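The structure appears right after this line, and notes come after that.
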Amino acid sequence: MIEVRNLTKEFVKYEKEKGLKGLVKGFFNAKKVVKKAVDNISFTINEGEMVGYIGANGAGKSTTIKMLTGILTPTSGEVRIDGIIPYQNRVENAKKIGVVFGQRTQLWWDLPLSESFLILKEIYEMPDAFYEEQMSFFNRILNLDEFIKSPVRTLSLGQRMRADIAASLLHNPKVLYLDEPTIGLDVNAKQRMRDAIKMMNQKYNTTVILTTHDLDDIAELCNRILIIDNGKVIYDGSLHEIKEKYGTTKRIEFEVRDELNDESLNLASVFNVHPDELEITREDKKLSIVFPKLKISVAQMTEEILRRFDVQDISIFDADIERIVARIYDEGKVTL
Amino acid sequence: MKRYFKIYRVFFAQYLKQLIQYRVDFSIGILSFLLIQFSGILFVGLIFESIDSLNGWSLDQMVFLYGFFQIPRGIDHLFTDNIWLIPSKIRRGDIDRYLVRPINPLFQCVAERFQPEAFGELIIGSILIAWTSMRMGLSFGFTEIALTVVLLCCGSMIYTSIKLLGATTGFWIMNSMPLMTFVYGIADFAKYPTVIFPRFIQLLVTVVFPFAFVSFYPASYLLGMSDPWFVVLGSVVASSIFSVVAYRFWKFGLASYNSAGS
Amino acid sequence: MKRFLRKYGAFAKGSFEVAVMYRVHILLWVFGDFFSLGLTILLWVAIYANSPTEMIRGFTLIQMIFYNLIIHLTGSITYMSPLSDVAEDYYDGRISMSLIKPASYAIQLFFRNLGNNLFSNLFITLPTFLLIAAVSLATHQTESLAWLSFPVFLFSSLLGLFINYFANFIFSNLVFYTDATFGMFQLNQAIVRIFSGALIPLNFFPGWLRSLAGFLPYAGVQYIPAMILLGRTTGNDLLSAIGVQVLWVVFLGVAAQLVWSHSLSRMKVMGG
């Protein structure tokens, strides 16, 4: 469905010195600097996959997405979406894609939402019956009827995002690009967004590419992630795999009956590990411990805490993705 | 193609609806235009208290010209006002939105905004033309009116093209406003008979930026001061050339945006 | 005090820097500005060429040219445009953010505009001034300008700056009440242009219009300083002209405060 081969994008920037003096100097001559935003990346995404595309700011995420959507032309390399080259065949490609730019709306600011949808119907040349069907579907799962008559600029963020998602999926695109779709939303709204996306994927086999900093989004939606750093793809694989190999820690939350006092638990010496390898947080009656699972087993840790405290409840978690990703950023590469 | 009409119709209906809703904004817009027109006529009126004619142009003819000046400008302002915002849209990345949809980006940008306050220009212009025509005892036949309509359309096309040329520079220049304001400032020369200005100015507004063909030549044709063939041919040629050049330049700008981002 | 200056000086410096940053922008802006001045002058040349008399309403052609040059000069010296800032902030919805500290927003606004003003002074005022000097020397018309009153002219222009700022600031509050942004800006510009003497010298106005101009502060922004430099306002007239300006500065300054606090309280009730 989506084929990316040796994709590279270079930008030319002019450097100026800082300060007022630099500005005046820069007035007369400025230095040229070439920056490789995307550096020779390749990957293939199949129809129906939901892929998370993550990376630090400036790592090359948006640039890649812009090339896939036809906004930017690559410096070299090739992109094919369902056989079409997006930057050569912009219109054909546009018919098959839906985009949500989290921060900026796709809709028309001053128009009532219902009118926006009517315009989209014409833009994507949707037959009446299909349009009705889609509208009732989105009304149902996203509750658009509440505010469908209001101008877009009067909508709250949550409402606007729901509208944007519906707008991007209205014409049943083959590929959906989501750029920070849940940013700024409350927990309920986020969940509804994710549900809507999942439903579309299940119903229509829509391919979804999600760029986000919210790793919960990734966890809930994506079975595959691509990590980009400094223009290069440093990881391309399943979430499960990365957790397995990189998730070398486990976290257990204990709820204890007695108030925890400040005494040191001294777990490091008990288990014969370096204190830095343990992360212990205490709050009221909750005790949370992050520990290296290869060195201390879940059973061992649980046993130790049970021995010392009157434990009411236990929750066991895999390594947080945040932690994993942070580590990958730090190391700059992935070794599996 | 029919698709584009349908889309525009939806936008248009909305703006009309909004017009009724946002009366205050609309009235203020109209008020400010009225004031600007008033100041222009005030200037001419006050000048003519001290002189009798300006290179053969009487006060009535001057006001006629002034009225004529408003109409193509008003048409252009009415439909394509959003072009002024293109440079800021480029900077904010709002252009991306146009590029991910399967219709012409320029159409999307222009259709999004309809500026009903431009009716002020059209109404004032028409009133001035009608009033001064009456005062001068002029009457126009069918041919003249038909040709005038053509000339007015060509005229607004010239305005739109030049505006687009200016706005497209927003792909490379940080702030295109001074450029666009400057070019529109040149258009102000066409408020007055081109003949009163030195040679090089006349060339500037006839050949380089053909604003003279937007209002001066059509008006002077109607006043019987210019040859109709010259005027019609000149307008059609100028508007065609500029439209093509402007659109090509816009495409070039988009291509450059595609390669360099913003 | 020093800290105040340093803090808000940063805003002035900031807008100055932004303005300096784009070379093409500056060139175009300056060029365009002088171009429209050129149009006006060429227009007057044509008008005088059609005039049976050498003087029109007390101005010879050369004097009229000087008038326009000086108006250009005063326009640049007194350039303060809080209206466009407020309108833009309002349109973007940034107003509510800026209003967390309303007093500092008002001061920030002033210094931001001051930065723009300094910029305009560097690129427009100086060249215009040099142009005026050059023209007066070239045409041996040095008596047309009252060079001795130059310091008074500067003082009068400074007063004009404050009048301009306060008047525009008050006007910009209307944006909050009417929800109209760009239209307001145009309306204000149109009014100021007529009544500041930028369109045509105020003595060209018929009686009723001249009286109306007298009720508005805008004459004090450009017309009064221009007349001073042209040596047409001297002696007692000079003193009363300056007096009028001072009164306007005080009156508008107070009015600005009142209007601003009213707008603020209204905004707190209605939401940004």
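In this document, chain identifiers A, B and C correspond to the written order of the chains, with residue numbering beginning at 1 in each.
Note that in this section a contact is a pair of C-beta atoms (placed from the backbone, for glycine too) under 8 Å apart; a residue touches a chain by one contact, two chains touch by 3 or more.
Only a predicted model underlies this, so the values are computations on that prediction, with no experimental measurement involved.
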item: Chain whose mean Cα position lies farthest from chain A; value: C
item: Pair of chains joined by the greatest number of C-beta pairs in contact; value: B-C
item: Centroid spacing, where centroids are CA-atom means, of chain A and chain B in whole angstrom; value: 46
item: Computed distance of Cα centres, chain C from chain A, in Å; value: 51
item: Distance between chain centroids, defined by C-alpha means - chain B, chain C (Å); value: 28
item: Contacts with 2+ other chains: residues of chain C; value: 21
item: Touching residues (chain side chain C, partner chain B) in the complex; value: 21-22, 24-25, 28-29, 31-32, 35-36, 39, 42-43, 46-47, 49-53, 56-57, 178-180, 182-184, 186-187, 189-191, 193-194, 199-200, 204-206
item: Residue ranges of chain B in contact with chain C within the complex; value: 22, 24-25, 28-29, 31-33, 35-36, 39, 42-43, 46-47, 50-55, 117, 173-175, 178-179, 181-182, 185-186, 188-189, 192, 196-198, 201
item: Residues on chain A engaged by chain B in the complex (per definition of touch); value: 11-12, 63, 66, 69-73, 87, 90-92, 94-95, 97, 99, 101, 104, 106, 108, 110-112, 115, 118-119, 122-125
item: Touch list for chain B against partner chain A, complex; value: 3, 6-7, 10-11, 14, 18, 92-94, 96-97, 99-103, 112, 255, 258-261
